[in-house]
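For clarity, chains are labelled A, B, C and D in written order, and residue numbers in each chain start from 1.
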Amino acid sequence: MKKSYAIKRVLYSVFVFVIVMALNFFIPRIGVADPAERYYPPQGNMTDAQYEIIKQLTREQYGFDVSTPQQFLNYVGGLFQGDLGTSFRSGSPGVMELIVDRLPWTLVLSVSTMLLGLIFGIMIGVIAAMKRGRWQDTTLLNASTIMIALPGFFIALLLSFFLGFELEIFPAYTDPNMVSDFGWNMTAILRVIENAALPVLSMMVGSIVGYAQGTRNAVIAVTNEDFILTAKAKGLRNTTIRYKHTLRNAMLPIVTSIGMSISGLIGGQVVIEQIFNWNGMGTLFLEANNMNDYPLMMGIMLLLSGFTILAILITDLIYVLLDPRVTVGDRR
Amino acid sequence: MAEQTLTLRNLKVVFPSGMGLIRAVEGVDIDIGKGESIALVGESGCGKSVTSMSIMKLIESPPAITKMDQLTFAGDDIKDYTPSQMQSVRGKMMAMIFQDAMTSLNPVMTCGKQIDEMFMRHMQLNKKAAREETVKALELVGVPEPRKRAKNFPHELSGGMRQRVLLAMAFACMPKLIIADEPTTALDVTIQAQVLSVLRDMQKKHDVSLLVVTHDLSVVANIADTVYVMYSGKIVEKASVKQLFKQPFHPYSAGLLASVPSLSDTAGHFVQIPGSVPHPMKKPTGCYFHPRCHYAKDKCKASMPPLSAHDDGRQVRCFYPLKTNGGTSNV
Amino acid sequence: MSETKVNPIVDMRHVSVDFPVKGALPFIRKGCIQAVSDVSLTIHRGETFGIVGESGCGKSTLANAMIGMVKPTAGEVVFDGKNLYELSRDDFKATRRDMQMIFQDPFSSLNPRFNVYQIISEPMFIRGQDSEATMKARVIELLELVGLSKDDLYRYPSDFSGGQRQRLGIARAIILNPTFLVCDEPVSALDVSVHAQILNLLTDIQKKLKLTYVFISHNLAVVKSICDRMIVMYLGKIMEAGNVKTIFDNPLHPYTHALLSAVLDTDQTKQREQVILKGDIPSPIDPPKGCRFYQRCPKAMEGCKTIPAPEITVEEDHVVACHYVNGFPESVEKGEGYDTPLKQQADE
Amino acid sequence: MKAVLKSIGRFFLKRFKGIRRFIKRVWAHRQGKIGLTMVTFLVIVAVFAPWIAPFDPYDVAERTTKGLPPSTTHLLGTTINTGQDIFSMLVYGTRVSLIVGVSSGVLIAIVGSVLGVMAGYIGGAVDSFIMRLVDVLLVIPTLPLVIVLTNVLGRDFWIIILIFVAIGWTGLSRTIRSLVLVLKNSNYVKAAELSGASRFHIMIRHILPGTSHLLIMSTALSSAGIMVAEAGLSFLGLGDPTAISWGKMLADAQSGGALLFGAWWWIIAPGIGIFMAVFAFMRIGIVVEEILNPRMKQSSGVYKIFKNLNSSYVEDVFNSMDEHAQIGEASSAKGGAHG
């Protein structure tokens, strides 16, 4: 049963990815007859004849000179070979190369935010649930009501202002040489940590509070379940009940929420990277947007969506491992 | 009286709520002798489950406020036991069987593991030895292929099997007292008969005291020696099953018995108790049952009758008990 | 003979209801639940017809098929001379106004946002032929009939106890003067002390309004007291059927015996011997080929495994489907040692 | 036909009554009171912005007032590069935030409920199509998608709102769908079907009203979410370029060197604006959620009651339970005094 469920989930994820891929292909083609117009909008001082020539060149360069279905096939075929198309930048670098350069730096931020957020979030949530109604709990409640209304980029600005400019504890802007000077030595790694501190901190605050609140609610919900009463009636020790019975069950909704939160985390990171001048995919994406570099934008979008799909798939599969009840029924 | 398993005196439980105190249990006394089987009968909201949970000290405070004069279990005064002292009493000395086995078993743990825990906690066995005991325990309650079943998760078993797993768990350490809270309510009639017969056999064979909490008189008839009838937080009648079924003294017990359709009934009309159970926040003055009682007089409206003793250890909380003469149970 | 004389209100002929079960992977069907298989019955006008069985025996599905809520996969349902599933949309709706249902759970069967007036008048409101005043008058009349007062008109379901809610459900069911009422375990969700109230109310209303009842229950004692004819179902099949008196005087099917023994008799002197069935109710996804009850039957024989038990009339208005009672049919291939009793499984 | 019109009329009449009753319930909540008050305040500010703002927020001509810290004339100081009055900008910014937030919230409620009810009630292919769409939209990171769409479709105010709606309906429709599935199978719907109710009747009388509280909650919560998203978009300089919005103010602050020159007021002011608006709508949403799903809250409420219990009162109640006590009188008198 479980195996077939896993197969079903994998197949479904592939299906979703295919749809996302199609969307990625068609979104830049919305509202224009010729994709070349989108890629190279008419400039003011250009005659029609000149523009026509430029369009023709664009078509040839980006493969728009064939029919749309054929373009789609070429696009899909390229994807299979790891080719996300050609960037509109000067020098026509491949989208893939551009992304691969930035990807690790983005992952540094998102993975550390995620891990720290999860660890602290779950810890705080469990404590709050255990001390329900006492100050630990009310503090979390109040913190979450406030934090939930503070956008990450505002926190980032505040941190950059106070910790960066005023107190000068952490660099307010990312060191531009961080990437180029990077090597696997202590100083370089420390420098990355130092520079990543503020961006990670500003994204982490929100995710800690979010996970903590979720954990608290999940733990309390499980505490009210009948089987916890059974465990108590069995005379089990509090620690056994807490870790073997309560937490294990409370993990289930938490795992699901992790998958769901990833899309938001990735989106929010675009702004944070911009504030701290962090050389990740977010800034790359904004650069692409400013230059109307559609192949690059759509490439990044596809990659980010792919990551999200993968993350949701993984959390789903972990869920299946944790919860023996999951069978074939549609859980979502 | 020499071998008393449990003595409970004057248990009172209230729950605070936004509108005042909910008076769940109002001074309940219960005595259970060794090997005796007691039933606590009442309808939903009468406080029977709260009473049973209070005996195991499983009522959480906050929010509940519990007070009792005496709680003696197997010769020990456990009234003031600390939570950690209670932990070594629960499961080992007294165990509980819950109503809905589906929700009462941890869904992400195999049934076997959940029983293993009992042996590991109370008998200090290692995992392997505990599993051997678990298999034996499952076998005792009539689970076929116990070794295989132990590896199943609760949702993979049928309702009857799950209930047996709960039975095995309760009997695991051969406690002195087992409290069964509506042990068969969620089951089908034929499965109910199976589970009850297992429970009864186990109880008799191992000389365990049993407190069955139920609303179902057929369960009572099947399993209990002595019955406490509860109504709205108070015991209204205590009698042996035979006595009660032959001649109930309290009008409520009489109504309850009469409203259970029986195969020997020939009339197409059922004897009914008018009205419904009072809300725990809006209990009537005087005897709680008087608004629904055919025999209520002014005295019943004014004050609560005491629980008075009658012959053969019977107790009734009624000013005008239905004595044998009239046979007035037929209202 | 009697069937031609009495004009039956419901006539079900070889009705089967299957529910498909989704398989693991898309497009692969795993099988289907045979909730009801090949059930035929007639319900006479004005009688109370009992359907008895445990959970999963298909009694609710059968009732739903009767009132047009579930379309049978095979067979036909004739209500009042009309084949229910061949009627036009409008005729179907009109016919169905003659049928109503009383639900098991009085808490989920009333819309919590509606007040009493809105709940009870809804069927009239849907029909849309009456003025507000007529509807109100009718609702008040019904409230008094079911033992509530007109002061309750604007209260909400949450203000009522379980028994009172069930009364509201009854009032709603009879507002359009139906002829046929399905009561799906109407008391099993209620407190014991109000069971009798509701059962009495139902019988009173039946007498007053000359209704035909289908009464679903798992309690044989209730069925005995209020029903005229009954069927006992197990895993989607009829085990025993006929006149209530006849069946209770002379219960034949081993399953009926088991159900009977589960009924409490407060008169302790009459307590019968307990029949305790072994094993569990099997899943209806893959029911046994032969008699559906053979795995749990104390009288089962080798042949019961493979040969389906036909429904055979043993006396007037008494049908039993059991090889032990009827003997194996002559016409079928029975195989070796078909009449040796099955060994009891070692689980008891 | 007449019956249909009548039922529509009744539906709306009842909705209005329902909404009034509902607001009363929210108001009864302390948090709800805070939320409602703040929202009312923000609406007043947005409507009367020209009268409240002391200066013209667009006025960049007055170059003498550059970079002033908060004072009595410039309540929240001025910008460093252009000398605009920050308080006035803040007041005007309310308009953009509220209009974008609330109109997207309302539109999301409409689109989400229509699609959710369709998916749940019609089922079959419609259901699978809508739910597959939800799954796809859920995996595409929202902000990048919004940026791409604004790039392709333009940055007009209304286009931005429509983009938010096109992306934001997914969560709501999924919740509505599962609620509709529950309602659809409820016994009271079955009873109505038995009485010959049409699908339309069931939808209008039973299913839609059942989702109404959820819609109010979603409108409040998604309004709040979209205000944040809009601020983020403007912060990136990708919002409507002609409008003054809080996000854009923050972007100007960053690019204008507020961080560098220590002009903290320039950062704090729009931040507080965003915080207030989001907080207010969140409050309402959360209060509605609590009204809908009281189980979580109840437990802490009971703890509070437990803490504040008068022990002598409890003692009295316990004593009144004793045998021979005049229980009736005692309980009624004390119960009244406490309640």
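The rule we apply is simple: a residue touches a chain if its C-beta (ideal position, glycine included) is under 8 Å from a C-beta of that chain, and two chains touch if they have at least 3 such contacts.
It should be emphasised that the depicted structure is a prediction, and the values quoted were computed from it without experimental measurement.
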Kindly work out which chain lies most centrally, taking the average of its C-alpha atoms as its position.
D
Just grab the chain with the largest centre-to-centre distance to chain B, centres being mean Cα coordinates.
A
If you tally contacting C-beta pairs, which comes out ahead, A-B or C-D? Let me know.
A-B
Go ahead and note the Å separation of the Cα centroids belonging to chain B and chain D.
48
Based only on mean CA positions, could you tell me how far chain A sits from chain B in angstrom?
54
Chain A and chain C have mean C-alpha positions lying a whole-number Å distance apart equal to 55
Mind pulling the chain A residues that touch 2 or more other chains?
133
So chain D residues touching two or more other chains come to 303, 307
Hey, which residues of chain B end up touching chain A in the complex?
56, 58, 62, 86-92, 95-96, 98, 100, 103-109, 117-118, 121-122, 153, 155-156, 166, 169
The chain A residues in contact with chain B across the complex are 133, 225-227, 229-238, 240, 244-245, 248-249, 252, 322-325
If you look only at chain D, which of its residues touch chain A in the complex?
131-132, 135-136, 138-145, 147-149, 151-153, 174, 224, 228, 231-232, 235-236, 238, 250, 253-254, 258-260, 262, 264, 267, 271, 274-275, 278-279, 282-283, 286, 295-296, 299-300, 303-304, 307
What residues of chain B sit close enough to touch chain C in their complex?
43-44, 142-144, 158-161, 188-194, 197, 215-218, 221-222, 242, 245-246, 252, 255-265, 267-274, 276-277, 292
Taking the complex as given, what residues does chain D use to touch chain B?
301-303, 305-307, 309, 313-314, 317-318, 321-329, 331-332, 335, 338-339
